[in-house]
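Quick heads-up: structures coming right below.
One chain, chain A, links the two complexes that follow: it is found with chain B in the first and with chain C in the second.
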Partner chain A sequence: MLRSLQIEPEKCTGCLQCEMACSYHAEGVFNTAKSRIKVFTFHEEGRFVPYTCTQCSEAWCMHACPVEAIVINETTGAKEVIDDICVGCKVCTIACPFGTINYNTETKVTYKCDLCGGDPECAKACPTQAITYVDSDHGGLERMRAHAAQNLPQEGA
Partner chain B sequence: MKHVVIGAGPAGVIAAETLRKVDPSSNVIIVGDEPEPPYSRMALPYYLIERINEQGTYLRKDSSHFSSQNIDVIRDRVSEIDTKSKSLKLDNNDSILFDKLLLATGSHPIRPPIEGMDLPGIHSCWTLEDGRNIIKRAKPGANVVLMGAGFIGCIILEALAARDVNLTVIEMGDRMVPRMMDQTAGNLIKDWCQKKGVNVHTSTRIEAIEQGSGDALKVRLDNGEKLDADLVISATGVAANTQLLEGTGIETDFGVLVNNRLQTSHPDIFAAGDVCQGKDFSTGEYSVQAIQPTAADHGRIAAMNMVGKDTIHQGSVNMNVLDTMGLISSSYGLWMGVDGGESTNLIDNERFRYLSLQFEDDILVGAQSLGLTQHVGVLRGLIQTKLKLGKWKEHLIKDPTRIMEAYLANTQAIGHNAQVL
Partner chain C sequence: MAWTRKVLRVNLTEGSLQEEPLNMEWANDYLGQRGLATKYLVEEIDPKCDALGPDNKMIMTTGPLTGTMAATGGRYSVVTKSPLTGAIACSNSGGFIGNEIKSAGWDMVIFEGKSPSPVYLYLEDDNAQLLPADDLWGKSVWEADELIHTKHQDPLIRIAAIGRSAEQGCLYAAIVNDLHRAAGRSGVGTVMASKNLKAVAARGTKGVGNIENPAEFFKATQEGKKVLAENAVTGEGLPSMGTQVLMNVINEVGAMPTRNMREVQFEGAGKISAEAMHEPRDNDGKPNLTTNGACFGCTIACGRISTIDQGHFTVENKPQYWGNSGGLEYEAAWALGSDCGVDDLDACTYANFLCNEDGYDPISFGSTVAAAMELYEAGAITKEHTDGIDFSFGSAEALAKAAEWVSTGEGFGKDLGLGSKRLCEKYGHPEFSMTVKGQEFPAYDPRGIQGIGLAYATSNRGACHLRGYTIASEILGIPEKTDPLETEGKAELVKAFQDATAAVDSTGLCVFTTFAWTLEDIAPQVNAACEGDWSADKMLEVGERIWNMERDFNMAAGLTGKDDTLPKRLTKDMAANSGPAEGKVNNLAEMLPKYYEVRGWTPDGVPTDETRQRLGL
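Then we have the complex of A and B:
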């Protein structure tokens, strides 16, 4: 069964362990600027929101690529950039409506979350389970439940 | 069912693959008039810097891709379309009958009406063959004049500079990339190029090109200056390939006119990509966008409608991303703003950074950026989902860089909408 990253922002403390683990795995350095997952900060609300590619089924990046440099990993379902084929035209970076595929000005190719081949480091590094790697259906079910609950009258009301 | 696609660019290829997928028993034929396997013009600048070889420009890397999908690729030019008998005539005199036809004939570089344009040593940068010719003439130390600083002109600047040529750019507009960026951004791109050693003349026209001594050319400018040139590259814009449709009764304007199903004035003929005057998401009007993502949208949607799977084209967002000698710019939608709208921008001249956002009510409708390579795509998301920004519009007016936060705050469980407070 395909699995996906489930992110629960309300559990995030903003520690950036996920960014450190990601950049180390993907680039061999501890440098949050090179991470595929990003923790966005909301000072006014006192909240943190980790966000990365959801491996969306529309695959905007993949369909926009002119040279077939983005392919689906059949095992994980991740959309992966093949560095050797990417020419660095950046069309995918403007086509992805979530802003989760970016251009690396040093390597001159684009990069995105590839689920670490099926064992995502961010989820393993997260100390509060704000990021977990779960069965895709499970995540969907939880989201459906949460959404349905919003539309129900409050208990006792 | 027999589907014929004229044109082997992204729109044609994506359409053919979609046709194969949704109508497995049909005949699918692509007719393309270039000798190479289907390739991407987007990749040509990277071929010029020799980062990739010719195969690196191919749209599909597996050489048996089309045959394995049972898509016939015919390399010939269509000389005639007969809309009554629903047939095509090829240059080799073969005829092809069709049930449904897709016009994905693309566009061609405009040839400016300048004296001397016939001389050898003047090339456009549009086909692989053009690329080979440019590589031959652009030797280290050669004098190269680039006519036009639009999208194509700017994107090949780096390739030319990397070949150590002595480069001069002539643009008749008052700034660089005038159809994609505003005055501020266009001028910053010009400053950037000049700092990198490229001579840039804006608000300047080439009056004539004359033969110099030997193979050399003389380029005469309207300010009286004369430039020596071993190579002149003409990049003054493109126009839709509609010549083939003359006398067919298929209606054209700047491109082929279509409805929101990408169907032309002939019910069995559709159009897609650069040749198609399709719906613009932002304006609701029909215009020729001539960009890769729109070609991909068109190809898929036209194919669905060709097989009778009714699919409405909601309009494509006009968007561009450009790398001018390492300075990355992008623009989206109504980047020039709207009447009665509001805008905000952030500029850092020293670091060549610029971000400009355009709003209508509390919805983002357009944007431009310079030097932004992280999360830029969310601008498309904000525009295309017409996300109501609410209080985040004010946050963005104060700090336009918080585009991701604006998106997340309105779509994810954060703060009060997390229902944990």
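Then we have the complex of A and C:
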């Protein structure tokens, strides 16, 4: 079963545990500046919104890459950057409409969410379940359940 | 090791910046943040120096767990000599800048001297610069934040700044970071202004590594998070209600200081409580509270994000206050509300916004306004002082105006910026001032809760609930319930809370975790992150060492055991007039000698040579 990261911003408190978990897994240090997932604070609106790669099926980054450094992980469905092939041309960062693939000035290659090989650290670290890792075919399952619960048949009806 | 082992020394007089290695010998004895920075301060300044002169220093410091995944590991502190109390000041704040400074590679920044003209410190990893701030001077915290972000074209910069109140000499000015979190107490913002330092802007991309034992660290922090999540206060009460969860509880036990502490229960508490913040308003159908928000790394998320009713008189035609910002915490709601007799939630929220916008402590501000209201009722202050405004208790208009004046230092704002002690002395009624060592009381009445009275009287930074939160035991039963009206055993209780808190304040973690955690939960996290052996026992010893070091500083600064006192109103003149504590005063005299004894101090409150030797001071 393929899974996807599901983000529910209304549950996010902006604590950045996800960013720390992500950066530690990928970089070996707690470093929100290098996190693949970012939480945005909308101060005026009083909202916190986590955002990361949605692993497009026809991924712009993958199609744009001139050296085929971005490949599909058949197990997880993640589009992964192969560091040894990437030449750091950054065309993928231009191609991605969402800004979720970025260039790392230290490693000189681009980086993006790779779903941690199928066990995403951000989802595990989130204390409020604002980020979950769910069945890709039923991303809307919990929302369906919530709406279904509003329409429970009345007792005796 | 968790420490970055690097200190940045900024000489503002000369405009020079220098990198130094962190003194690891001291780190082993004082851990970090509050303890370690205080050690640096007491070694480097004359305790008798003028707090607002160039000889005072100001240290912004992180802890070893700041910037890590430990729950709440994002704290920083500001350590300096306080202009409000003349004693040691150490104000702790959350938000996000603590992590940013640490991530840029610095354990602490020591500011010394005084800049000839306004500057701000810009930290981008190793690249540290003092930049001109002439255009920022005279601006609010919120304006300065925007201007710095715009100038550097970097939305990820985190900023701590002072507002206009500090520039105008308000003695309880705060340093506000991330728009609405603050190193709030004891006038640390006033010290920053005295150095012509407008802001610290940080951007860290190095991250925090060097965890001594990563596997152990993840295990310990995971376990810690589980404890927080499963605890009723940290897992449920604080996220949904914020610290405001206490308003109705404390009012019911008759320990809610009201109208400058003349009374102990506020009839309007329900209108400014957590419950009220959840109620939809008539005007727009929205509640005051939009959501809860977390500081860096915090899995509790007690922060309040609120709006003011756009139809409220305080924000009419002022769209700049119509959006969300930091909402009322219990201390602010009490000081701005109950202590001033104001039960107008929007007026309190407005005053709270202004405290953040221009950087001043809502506890000291609210208490000072309460004192002014009593002076007004006594005829010592008249409408001539207050620009024709009725300053009676309960006036939301007076509260809002007072905040506007203190923000800018205009009109009566200069006097209100003096704080309660100096204001009451100036207008001939020192007995109206509800302060210890010149610092205003927080939101728990020592007549209804005896132990907290001893904690206030002996607090090293003047009246404060965060130096020994015996409320946990006396009201909430954490770790075990003690009778709030009983004095027996409170000396030991206060000492235990004071020492443990000093240790927690030195880690980079938030003291609110201790609603659920003891040092037994915290020590394994510190131990796994840091080199050396960090048991709960060692942390407690470090805490006691810090407490005595702070005490030594205060004594050298000229304070004595005579300053360990409470206003007569609370010990003699005015017994609690309602509730479970009716007829009670605080029996400090019963507790204080015992406290000195359990501390290993002389009957005059001076640490004995034996005690100092035992603690390696």
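By our rule, the second predicted complex is superposed on the first by the 139 of 157 C-alpha atoms of A that agree within 3 Å, B and C clash if a C-alpha of one lies under 4 Å from a C-alpha of the other, contacts with A are read in each partner's own complex, and residues count from 1 in each chain.
Operating definition for what follows: a residue touches a chain if its C-beta (ideal position, glycine included) is under 8 Å from a C-beta of that chain, and two chains touch if they have at least 3 such contacts.
Keep in mind that what you see is a predicted model, and the values were worked out from it rather than measured.
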Superposed partners chain B and chain C on chain A - clash or fit: fit
Touching partner for A:A21 - first (chain B), second (chain C), both, neither: second
First, second, both or neither for A:V29, with chain B first and chain C second: second
Which of chain B and chain C A:G88 touches, first, second, both or neither: first
Which superposed partner A:P97 touches (first chain B, second chain C, both, neither): first
Touching partner for A:A64 - first (chain B), second (chain C), both, neither: first
Partner chain(s) touched by A:E45 [first = chain B, second = chain C, both, neither]: both
Of chain C and chain B, partner touching more chain A residues: B
Least Cα gap, in Å, left between chain B and chain C after the two complexes are fitted on chain A: 6
Shared contact residues on chain A - chain B and chain C: 10, 45, 47
Footprint of chain B on chain A - complex, ascending: 8-10, 38, 40-42, 45, 47, 49, 51, 60, 63-64, 66-68, 85, 87-105, 108, 146, 150
Chain B residues touching chain A - in the complex, by the definition given at the top: 10, 14, 40, 42-43, 46, 51-52, 56-61, 292-293, 296, 300, 319-321, 323, 326, 328, 330, 332, 373-381, 384-385, 403-405, 407-409, 412-416, 418-420
Complex contacts: residues of chain A adjacent to chain C: 10, 13-17, 20-21, 23-24, 27-34, 43-48, 125, 127-128
Touching residues (chain side chain C, partner chain A) in the complex: 67-69, 71, 96, 99, 103, 156, 179, 203-209, 225, 229, 239, 290-299, 301, 303, 305-307, 323-325
